[in-house]
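As written, the chain order gives the labels A, B and C, with residue 1 at the start of each chain.
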Amino acid sequence: MIQLKRPLIAALLGLSLGTPALADSMIGVAAPFEIQSPDPSTTGHIFTNMGIAETLVDADPQGRLLPGLATEWDTSEDGLTWRFTLRENVSFHDGSPMTPAAVVNALEIARAKPGPISGLPVAAITADHDAVVITLTEPRAALPAFLAESRTQILAPAAYGPDGQAVAVIGTGPYRITDLTPPLSLRATAFADYWGAQPHVPDVSYTAVSRAETRALMAESGDADFVFNLDPASVTRLSQSEAVQVISVAIPRTLLLKVNAAHPFLNTPEARQALSLAIDRAGLAQAVLRYPEGADQLFPPAIGSWHNAGMDPLQYDVAAAQALLAQQGWAPGADGILARDGQRFALTLTTYPDRPELPLVAAVLEQQFRTIGVELTINSTNSSEIPAGHQAGTLELGLLARNFALIPEPIGTILSDYAPTGDWGAMGWDNPEIVALAQAIARGEGTDADRARVSAILQTELPVIPIAWYQQTLAVKAGIDGAVIDPWERNFGLARLRFTE
Amino acid sequence: MTTFSNTLPPGRAIGAVVLALMLGFALVGPLLVPGDPFAQSLMKSLAGPDSGAPFGYDHLGRSLWHRLAHALRLSPAIALAAVVTAGAAGLVLGTLAAARGGWVERLLMILADALMALPGLLLVLIVLAIMPGTAMGFWAGLSLVLWVEFFRLTRAATRSTLASPAVQAARLLGFRWPYVFRTHLWPEIAPLMLTAAAFGTATAIMGIAALGFVSVGMRAPTPELGLMMVELLPYWREAPMALLTPVLATFALLLGLTLLAGGQKA
Amino acid sequence: MNILISRLVQAATVAVLVGAATFAMMRSLPGDAAWRIAAGRYGYDNVNTAAADAVRAELGLGGHWFPAFTQWMGDLLRFDFGVSLVSGQPVIAEITHQLGASLWLALTAVGLSLLIGPPLGVLAGLRPGGALDRGLLVVSAALKAIPQFLMALILILVLSVQLGWLPAAGHGQARHFILPALALALGLAAVNARIARDAMASIAAMPFYHFAQWKGLSRRQVLWRHGLRNVSVPLLTYLGLQFVTLVEGVVVIESIVGWPGIGHALVHAVFARDVPMVQGTALMLGLGFVLVNALIDLAVTRIDPRGAR
């Protein structure tokens, strides 16, 4: 009652409107992702990020795997049988204990839905004393990393309806949900029986705000304490504000141009290299994205083991691009656009506005490609048009932001995207060498040299053209300590936050 | 009923002048200062006015002068196309309903009533989702929304005119429909239609801008008023004039139209 | 009675129109609906062939249109709106949840507009041609030319960004109401004020009004007994018509400030091709209009029995 009345009166009097209404015990998070439902397959990432649900395996910022709900794991000689020993004395938010059977139930349900884990060669998942045993039909060295993915979070059996859809979020994390109102908000409070250290901040809330400008305004006005994913202009503005601290970290996500390598204009590495040479990455990064640098290869430095510092970086050289295209038989037409055998070098670039920088970058690319005589038509549409166009073979160019950290080990994404093609990766491209390398690495037989070779193949063949490495940005209200960005986008780290005295 | 006097009331005259200025800028502006609304120069991002761009540059270094002129052609063009289509449909169906009466009239009235109950933006959104092109979708959706007003006005005016002794006499004398329409109906309907057309155009322009602003309308990089505002909103602190340019232009355009329409919509 | 029957016919036609339009939307989506729905459900990082195939299998998309259409309309007539394709929750549950948020916003806006507009209009109408009257004319002409989204933008820039008085977005507390409600209310008030002014001016000019003053009632009594009663009829009728404008405003404003209402849900559903949600929300808005106008018809008949037609 008192909680409700106070802000009401304050508002009616027109007083204290600028002060944060939430009590000091609460941290309010604002991020772009909407709460679709209680089901981990659609919304799991929000529940793990908010510290509500947990996975068997955890990861540190460098991508090293750490114990989560499983304290240790090992594999048999042949790599086909994995045993995950479960943490003891863990209870779900409804008070029930986390048993091996409950974990098996959660994993089986997750496996039946779309997600990285459903693509694994799993033969069976069984409970065994204090452990869960997963048997595979072929080795997968990265299996523990797959179990760090948010959709493999462990919810209590009571959380699922008879059809396997979650109807409530009964997790094991440091916070338990007190109020879940899809699609925009949830509230949670510290879970007294949490197995680990109690969080310092007793209450947290999450608000989905899809517009980047609005999120920035909320950070500025103090209406949210912890604001994720700011647009480039707001970062500049908020950095000058004393009320907030802006943190930004390179994350394993790359802004790239997906190329249909089977398209008659783009079916040679030289043609794709010409497009790459036409992109002024430094100018684009500084003026549009306001990042310190562009991407000179596919894998960002944040993915240490895959980033190949020894390679020749991708260059910006309009003259070289024009020369390459001239060798391919292209000649400028009357309108400045290249032509060959009566066909104009005109392509459609598909992108999506969910990430606000993508249409901006598309607009810049349109101009930069025009200088080498390539005409782009921009189609900014639903994100599904890219994988759908891939399947239909109709996509020409796609501008997208690819996350290499769906699991904290990029091999999952490389297998699905480049060995040899994938919905969000290479298209119309065939390279047996990269397939063999990726499969070996997935089995656990790969070396650092193999990874470097994969990077080198992608750099010369350019089945996708890297443009920029993402920075994740976070605005934290002054007076809150301990904020760290998880580059794997798995955990907001709310349990570590504390208020400055 | 509204009558047209030879001299416009002051409100309408101001509206006409404002509107003429805006459209004049849209048509002549790019001729006075040649340039390309799509050409970028990232070095000039958010820079102030210069000789090539009298209104300064947007976040991608595109000339706001040229983008604004383009935007001021695009929305009114779509709006006018929709109003003409809707006006023609409303006129034909309205006259038909009043002349034929019976179930034709009743069915049309029921349809019009039902459409009135649905928010126009909702219909436009659904049509946009069905139609392939955005401009075509706006044209179709807005026409669907706007015809109702023309239909109701025409039907009401036609009914009273058809019942008048002059028309009765003309029909008895054997004059054909086109003649009756031209000499008796049109002079009665025309001023109403013009007011409704001005309101309809304003409604259409507002709708296009509103949907652009919530990112479900025209798509980047098309220069469109609502889209320009939402693109420039994050740069409010750095370049307030850049954001105010489309805001003021939209306001002036709509003010001109509402003043020109005069009177109350209700 | 007549009024109610015609409103019922209107409601039925609205239902048929919405049903047919959303069915057409479902059928003629550019591209494959399963892909769109998968994108809405799983997000851009995770939408892929497997996700789209799972959606297609689950929803049984495809098949001949006619049996699908009769089934669609049958479900609609039984008020079975089905399940949201994105969240998997029953549409009716989501809508009832969101309707509350939107109703509060709309009612606050109407309340604010009535507090601002009619009092000014009545005052102006008592002295036609006075300073207040002329000032009001200019202000309301300007306000009418500002669409609601532009008003919201201006208020956000002035009240939130520059002055820092009000939050730019968010919901759940009283202070979150002010900005979106004000953005809606100012436009409504502009027209309210004009209508109240015209009604008041014409009433004040009528003989009975002078007669009432002459027979010794105080100015205040005359205003209460004869003035306001007659002003309220055109105001009420106008409010009914404005309902559609209000709803449109709610759709746009909710999207801008992230208000968890029916308008926000509608824009999202259209974007994610969540057709059952589009159908449910559209129907709710259309029927809401009919209901509000039916109520206003009745209220007007009560206040002014002469006008019953």
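Everything below uses one rule, namely that a residue touches a chain if its C-beta (ideal position, glycine included) is under 8 Å from a C-beta of that chain, and two chains touch if they have at least 3 such contacts.
If you want to know which protein each chain is, UniProt gives these names: A = ABC transporter substrate-binding protein; B = ABC transporter permease subunit; C = ABC transporter permease.
In this text the structure is predicted, and so the values were computed from the model without any measurement.
Using CA-based centroids throughout, the chain positioned farthest away from chain B is A.
Set against one another, A-C and A-B show the most C-beta pairs in contact at A-C.
The geometric centre of chain B is 21 Å away from that of chain C, both derived from CA atoms.
Chain A and chain C have Cα centroids lying 38 Å from one another. Inter-chain spacing, taken between the CA centroids of chain A and chain B, is 43 Å. Chain B has residues 233, 237 in contact with two or more other chains. Multi-chain contact residues of chain C (touching two or more other chains) are listed as 161, 256, 271, 273.
The multi-chain contact residues of chain A, meaning those touching 2 or more other chains, do not exist; every residue touches at most one other chain. Chain contact summary for the complex, chain C toward chain B: residues 6, 9-10, 13-14, 16-18, 21-22, 24-25, 28-30, 141-142, 144-150, 153-154, 157, 161, 191, 194-195, 198, 234, 237-238, 241-242, 244, 247-248, 251-252, 255-256, 266-267, 270-271, 273, 278, 282, 285-287, 289-290, 293. Interface residues of chain B, counted against chain A in their complex, comprise 38-40, 42-43, 45, 59-61, 215, 219-221, 230, 233-235, 237-238. Here chain A touches chain C in the complex through residues 7-8, 10-12, 17-18, 21, 33-34, 36-37, 39, 41-42, 113-115, 118-119, 165, 181-185, 207-211, 214-215, 217-218, 220-221, 223-224, 352, 354-355, 382-385, 387-388, 391, 400-401, 403, 406, 416, 422-424, going by the rule given at the top. Those residues of chain B whose C-beta lies close enough to touch chain C in the complex are 11, 110-111, 113-123, 125-126, 128-130, 132, 202, 206, 209-210, 213-214, 216, 226, 229, 233, 236-237, 243, 247, 250-251, 254-255, 257-259, 264-266.
Listing the residues of chain A that touch chain B in their complex gives 212-213, 216, 231-234, 236-237, 280, 283-284, 287-288, 353, 359-360, 362-364, 366-367, 378-381.
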